[in-house]
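What follows is a group of structures, each given as structure tokens.
Two complexes are shown next, each including chain A; its partner changes from chain B in the first to chain C in the second.
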Partner chain A sequence: MGDNDNKEGFKGMANPGRYGIERVAYWLMRITGLGLLAYFIAHIYETSTILDGPSAWNAMLEMTQTTEGHIFLTLVIGMCVFHTANGIRLVFGHAGYGVGKPGRPDYPYPAKSLNMKGKACIYASIGIAALAMWYGIAVMFGV
Partner chain B sequence: MEQKIHPKIKEYQEKQEESKVEVPKANLVTLKIKKYNPNKDSSSSYQNYQVPVEKWTTVLDALLDVKQNLDHSIGVRYSCRQAACGSCGMKINGKPKLACFTKISELDSTEITLEPMDNFPITRDLVVDFSRLFANHKKIMPYIMNNESEISNGTKEFLQDPKHVEEYIQFAGCIKCGLCNSACPTMAMDSSFVGPQALAQAYRYVADNRDKGKDNRLKVIDESHGIWRCHFAGSCSQVCPKGVDPAMGIQLLRGYLLGFRD
Partner chain C sequence: MRESIVMKIHYGTALGAVALVAIHILMRLTVDFHESLTYDAVVANYQMLGYALLLELILILISVHGFNGLRVILLELRQGSGYEKGVTYGCIAGMVVLIAYGTRTIIMTNMGMI
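Coming up: the complex of A and B.
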């Protein structure tokens, strides 16, 4: 019986709102990862049009020079920068660095692994991604 | 079904009618309880119960009040009432918490939704089945593995200095309440994942300098549904009521597998 299995499923996995900024970072990391995978596939398709000759290649390039194309590329810049910056935080975290030192816990038991350094890195990753997107918009739209 | 009125609320109402005194509304809360019996029901439903509370009333106190006065049939598991046994974990207003360790007043709401913890099969109403949690816990061999047993004849007890105790003591506080597994986003998708509870316990024994079973344990967790499925979302540590911080244990444990620790 489905209800009895009681697995939270995709809805629970994708819900970023309940468990603090670390869960938001987890959600953004997954979304940007999938977005970059989609971009990678699209990019291979885009560059492969060169095999069909100069006119096909130029037509493809023209597509990226539209407003929609610029918005898409701005999103790619944001995804790429956030995924890289937060990825560096996670590489260190996964190796056991920056997650705090084990010790006797005291009430109200704040989790040392969810420390201010980690939170600052997440906010910085979001901030840097936003700045990079802003720069991208300025260059592509000439703001 | 006719909604029963709590005897204390009835008493308040009668007093109000007699003396025209306003009933203090802030002291009443509605518990919205998810009811489901997998052996009988085809789907779950919610039942509302209004109970009077004081500022020290815990969710478990309120639940037991409902059971005593309004509906005896509610399925709820509890034992110690002091966050030591790990029996009364449930989803309180959408987040996994211990009912005995959560005061109604700190929820800042007059309607409290109580549901069984996610990612565990439902036994009945708010009671979930811990078989998988215990099986995963058992899988990581949660005991000191050392051939020079301290209880055999002629051997001395294993001495440990405080520095070594500090390495694992916080992880030894796990009460196996399952809140971490319920909050974990990987558990939400993958029932075969070993889970933050078992992984934190694997670290507890690996970090214990009396233990010699590190290689065996690392072999158990270094598999496709093992430690590599953790993405450090930190929700397990966010909900842990005992300060075990499973996310820290998992990352430190991964350090052993990646060769950063020995």
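Coming up: the complex of A and C.
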């Protein structure tokens, strides 16, 4: 057997099925972070068109005032709210709150930090993001 | 700089940005959403000194947080002295360029150079 036969590498680390909702949150945090950075760069460029006068501003604004533009902004709202709520969970976790106390390492060695408090916060983050998206849809589409 | 200090900056910029972006979004909701985005309304926002300072702070906080986050993601994927230096300096350069570009918009609009 070769040295690398049992090594899954990046795929093993990325597999969301192995570590449950915590690994899903890990990926969502990174994907939403990259999405928000891309949106932020685009937003800085978009707002700079104000220097070119009303026609340039209105032309740029029209791109966001379409159904596709509103759907895109709804996704941005969702990414923003999830990233914020889950980020607050991570700040508390890194400060040592809610990660549980160390225990004897018995088989199958469950990590104390992967507890119900953390899982509840992740599900709450997803729920709050969904509610914010719903509110965004109501405002932008005038529902 | 120690990584623990970098992460404290990362969390500090995040919490600051959350508070300031909340104000930024609430400004859109004080009047009708679509009206708040008209050219005149946005220029008027930029020409309020307090609001311009708020935008500048948001620009700096999110740029620092965003590019440090990108650096962290890239360093998780691969390690190595040259690679880490390249990623760090690349992210700092991206951050500086974005802050400079956004600041240009804020200053020129605030001073009426449009």
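Criterion: the second predicted complex is superposed on the first by the 123 of 143 C-alpha atoms of A that agree within 3 Å, B and C clash if a C-alpha of one lies under 4 Å from a C-alpha of the other, contacts with A are read in each partner's own complex, and residues count from 1 in each chain.
We take it that contacts are C-beta pairs under 8 Å (C-beta built on N, C-alpha and C of every residue); 3 or more make two chains touch, one makes a residue touch a chain.
These numbers were taken from a predicted model, which means no experiment stands behind them.
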item: Larger contact residue set on chain A - chain B or chain C; value: B
item: Partner chain in contact with A:18 - chain B first, chain C second, else both or neither; value: first
item: Touching partner for A:8 - first (chain B), second (chain C), both, neither; value: first
item: Touched partner set for A:117, first chain B, second chain C, both or neither; value: neither
item: Which of chain B and chain C A:94 touches, first, second, both or neither; value: both
item: Doubly contacted chain A residues - partners chain C and chain B; value: 10, 30, 94
item: Residues of chain A that touch chain C when the two form their complex; value: 10, 30, 33-34, 36-37, 40-41, 44-45, 47-48, 50-51, 53-54, 57-58, 61, 65, 80, 84, 87, 91, 94, 139-140
item: Parts of chain B lying in touch with chain A, wherever the complex brings them together; value: 36, 38, 42-44, 94-95, 116-122, 128, 166-171, 173, 183, 185-189, 191, 207, 231-235, 237-245, 247-249, 251-252, 254-255, 258, 260-261
item: Touching residues (chain side chain C, partner chain A) in the complex; value: 7, 11, 14-15, 18, 21, 29, 33-34, 37, 39, 42-43, 46, 59, 62-63, 66-67, 69-70, 73, 77, 98, 101-102, 104-105, 108-109, 113-114
item: Residue ranges of chain A touching chain B (in the complex, touch as defined); value: 1, 3-10, 12-13, 18-20, 22-23, 25-26, 29-30, 90, 93-97, 99-100, 102-107, 109-114
